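What follows is chain A paired twice: with chain B in the first complex and chain C in the second.
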Partner chain A sequence: MADFLAQYGFLIVTLVQAGLLGLSLYFPLQAGQLSLASPGFYAVGGYVAAILLTNPAYAGLRETLGQGVFPLTWLAAALLCGVLGLVVGVPALRLRGIYLALATIAFVEILRVVSLNLEVTGGAVGIFGIPQAFGFGERWQYIFLFGPLLVLTLLFARQLERSRVGRAFRAIREDELAADAMGVPPTRYKVLAFVIGAVLAGVVGAMSAPFLNTWNARQGSFDASIAILAFVLIGGSRNIWGPVVGGALLTAIPELLRFLADWRLVINGLVLVVASLYLPQGIVGALERWRRRPPPRRPVPAPSPAELRGGRRTP
Partner chain B sequence: MELSQLVQNLLNGLAIGSVYAIFALGYTLVFSILGIINFAHGAVFTLGAYFTYTLVVGQFENNGLLRGVNLFPQGSPFAGSPWTFALATLIGAVVAGLIAVLIERLAFRPMRARGAEPLLALVSSLGVALVIVNLIQLLVGAEIYNFPANAYGEVRPALSFQLGERVVIIRTVQLIIFAVSLVMLAVLGYVIGRTRVGKALRAVAESPGTASLLGISVDRFILITFFLSGVLGGLAGTLVGTAFGVAGPYFGVTYGLKGLAVIVLGGLGSIPGAVVGGLVIGLAEAFVPGDYSAYKDAVAFALLFAILLVRPQGLLGRTQIQKV
Partner chain C sequence: MNAPPVQATTVLEARGLTRRFGGLVAVNDVSFSVREGEIFGLIGPNGAGKTTLFNLMTGLTPPSAGTLSYRGTRVTGLAPHRVAALGLSRTFQNIRLFRALSALENVKIAQHVRTGAGLWAGVFGTARAEEARVEERAWALLDLVGLADRAGELAANFSYGDQRRLEIARALATEPRVLLLDEPAAGMNTAEKAALTSFIREVRDRFDLTVLVIEHHVPLVMNLCDRVAVLNFGELIAVGDPASVQRDPKVIEAYLGGE
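On to the complex of A and B.
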């Protein structure tokens, strides 16, 4: 067991983390909004934690709080990302369709360029030597942070779906104008969905900074946006398990393909193409459809004697 | 700001802005017809530059599977004269156009045929981009390849003139970029506005269903659109490559993202909008003061945000009509 954890612990935590990031994109998608901002908030959350945990300016705070500083970083990241989500979401979400996706790409890029140039974020080098959370000695122990967060998020998502807010999200997703006419204010709910995703991504970032030990501008990039989008769409965007399954699978595949060495990244791209062609409902969607497969409409015709003898069926 | 500095920035901005414009037009053409963004466009840009480089130099030295290959032991027939260089650029752009056609066949058409969610086309086109970028890396490595200084013959590298106290310098390459971009814009404007093909393209953009009822083969015109888009992307790649070097397989990514800012700024789906957006972003970048040049790459995206706040349909876009 110890060997197994030593070898795969990091990977297992990464799978859970990917699932969580997938979920952060799933919330806005619930309300029909395609946001690619998750890596931006993830990066901000990570920077908040990294700065609070390493910057000499906060040495006093760390001494007073002891291990309590870690939950504080999560809280700070959640707050900051929530506010940032409001600031970005309100203008971007007045618009429909592809605009939000493009605005969020812009948001991630601006954050990346800014974090490359600020002193407090360590510039191009980033921030290193981030202390391990709660003095964890091994990487797999981070499952005690990401695991409960995943469970909580899933429970929250389930409750949300059944609530008035969840129904409003779905109404907006299906038909924004009709929802508006029925007294569901679209912009308010769209911003809410966006902010929930932002807060989640921020907390995941704050937990990931100690996990990864270093934090730099590469954490929030356009590539990451697309990777997370792929988690959700390939896992399945209509079910809370979709992003989790997609995130875990798409994070595991590159590991499984390690033997392909240099060809791995090429195959990765092919996986995206093939999955979007053959699993349009996502993996979870396909499984659901398979489980509820309707009975065949026409009975399969019995083979004629000629066919049994090896002849071809004439249409 | 001194007059000479102003003129210098203006010239730099127009040169890079015109490349942004023709590159972003590739996005616009596809968007106006399919209503989706082809995220593989940045990869096509990169390919265009590599194809031209292969024709003009044909040597990839240090890394990758093609290391040590020399296509032209006697020297490339395409190097050494402006005309052969132009021919190589054209071939590179056309091959890039064909690759774009291939992308449509492999990643977009099957999606349409299945009636899949349009969002998935974003993922599949990105998948294609990943494949292309990583294949390039496998084949020729990640380093920067520079076109030799005399690849297009003995041309003066720069023109300069005195303006007030200072000298304004225009690199020949900038002039060429600007001229080629203008010519491409004129050609495209002619094709779209004045020919039968253009008429059919506009019909498909307006309504694919109606166009197909009128006897226009929609799939064929989508292929033509992708071809045009790929040619523009590939050409932009070569132009940027000649000015700044072919900077590795990921060199299209930045342009790919800035292109998005360009089309939103100009107005999604608007052809004149892409041109105006490209020039505005090019000029805005050129006027970033030297002290803040590290933030240059953020300018395009800041403008994108600003336009969303003030005029969401873009500078020249049509207001979206809400349909019930």
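On to the complex of A and C.
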């Protein structure tokens, strides 16, 4: 067991982390918004944690809080990314489809160039020697952080889907104009979906900085945007398990096929091509078609005509 | 000593509504008023500007000039979801259901403006009572249009006529005071058209609505509507009860062509 964890522990944590990043892209997609901004927020979250954990300016804070500084980094990353998501989301979400995707790629690039040139982010070198969270001695122990975060995120996503807000997201995804005409304010919910994704990516970044030990501008790049998009497309974008399965699979394949040396990248490419050709709904989407959904069950009491009219307002 | 005639309340008042698309004037200086509880028909040849007028009235297209007010509140200038909150709801000529969602969900979504559960109420499940009410009303509305036994089916899988009825149920779910129907009979056969007339009346009475209908089918309009307005090339050429509008020389010319 110890050998197994020593060999594959890092990989397993990386799979969960990839699933979480896939999910951060899944939330805006729920509202029909193709955003590739996740790596940007992931990078910001990581820098927040790296700076709080290494910068001499916060030495006093670290001394006072002890291990409590780690949850504080998550919180700070969540808050900052939430606010940043709001600031970026309000203007960016006026764009649609591929234009929004392009704008979010630009956002990721801007953040990358800024972090390359700032002193506080360590410039091109980045930030080194980030202390291990809660004094973890082994990398696999990070599953105790990413695991619960994944469970919480999946629960959150499931509950959201069944709620009024989740319905508003789907309505906008299906037909933004009709949603608006039926009383769903599109801008508010598009921004909300974007901010949820931003906060999640930020927290994942803040947890990843100690896990990876160093943090630099390579964390948030255009390549990462495309990789995360592939997680969601291959796994499936209409089911919460899609990004998780896609992220795990696309992260695992290159690692497990390491013995094939350079050929493994060919296999990875083949998986992408075959899956997008034959599984346009993604892997989970394809599996879902085999499962018959039970018809919705009607609640027992039949309403009176007065109830049908709802709480009638007098004009 | 005659008592003064009972003055019906005006609910909608359009003043000088105009919409230009580049050089084309789709709706030109249109003014009319709609009385509470009436079924008001809007007819005219293809391209006369009927749907554009509906779009101006529901906030989907901002007018180039003019105003629409609903019981004294200005409607023009409001975003579509605000117009829905005010109590105006519509269907679409080229049906715009949420196609990949079930019939039940289509009707649930449209209750958005009359409910208030936010993100956390949804995530922590603290809005159970509201959810139950939404669910119950959705089923009752599907009952009304006769689709309750197919509540779980995707909207895209319904026949044309059923999709039109589902759209009416969805529009009613916003709890409107004014219902705007854009060609509700399009694609229906004669029997369905006849049933639609009584259905629209029934809905009007049951929900205390004022109804505006765009319709091509002249017998249906004459049967259904209390008053009719005729648009031609974006201009309002006649308003009145169906019989007198039908005799109006300008209307006859618009439909049959002048010399």
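By our rule, the second predicted complex is superposed on the first by the 289 of 315 C-alpha atoms of A that agree within 3 Å, B and C clash if a C-alpha of one lies under 4 Å from a C-alpha of the other, contacts with A are read in each partner's own complex, and residues count from 1 in each chain.
Keep in mind that, in the parts below, a residue touches a chain if its C-beta (ideal position, glycine included) is under 8 Å from a C-beta of that chain, and two chains touch if they have at least 3 such contacts.
Keep in mind that this is a model prediction, so the values were computed, not measured.
Engineer: After the superposition on A, what does A:Leu177 contact: first (chain B), second (chain C), both or neither?
Structural biologist: Both partners, chain B and chain C.
Engineer: After the superposition on A, what does A:Leu192 contact: first (chain B), second (chain C), both or neither?
Structural biologist: The answer is second: A:Leu192 touches chain C but not chain B.
Engineer: Mind working out whether A:Ala168 is in touch with chain B, chain C, both or neither, as first, second, both or neither?
Structural biologist: second
Engineer: Scan A:Val113 for contacts with chain B and chain C and give back first, second, both or neither.
Structural biologist: It touches chain B, and chain C stays clear.
Engineer: Per the contact definition in the header, classify A:Asp3: touching chain B only (first), chain C only (second), both, or neither.
Structural biologist: neither
Engineer: Answer with first, second, both or neither: which of chain B and chain C does A:Leu34 touch in the superposed model?
Structural biologist: first
Engineer: Taking the two structures together, which residues of chain A meet both chain B and chain C?
Structural biologist: 177-178
Engineer: What does chain C use to touch chain A in their complex?
Structural biologist: Listed in rising order, the residues of chain C that touch chain A are 58-60, 71, 79-81, 83-85, 87, 89-90, 92, 96-102, 104-105, 108-115, 117-119, 121-125, 127, 130-132, 134-137, 139-141, 144, 148, 151-152, 170-171, 173-175, 177, 206-208.
Engineer: Can you list the residues on chain B that touch chain A in the complex?
Structural biologist: Listed in rising order, the residues of chain B that touch chain A are 36-37, 39, 106-107, 110-111, 114, 116-117, 119-124, 126-132, 134-135, 137-138, 253, 257, 260-261, 264, 268, 294-295, 297-298, 300-302, 304-305, 308-309, 312, 320, 322, 324.
Engineer: For a test of understanding, state which residues of chain A touch chain B in their complex under the given definition.
Structural biologist: For chain A paired with chain B, touching residues are 34, 91-92, 94-96, 98-99, 101-103, 105-107, 109-110, 113-114, 116-117, 177-178, 222, 226, 229-230, 233-234, 262-263, 265-266, 268-277, 280.
Engineer: Would you tell me which residues of chain A are touching chain C in their complex?
Structural biologist: 156, 159-160, 162-168, 170-171, 174-175, 177-186, 192, 293, 295-296, 298-299, 301-303, 305, 307-313, 315
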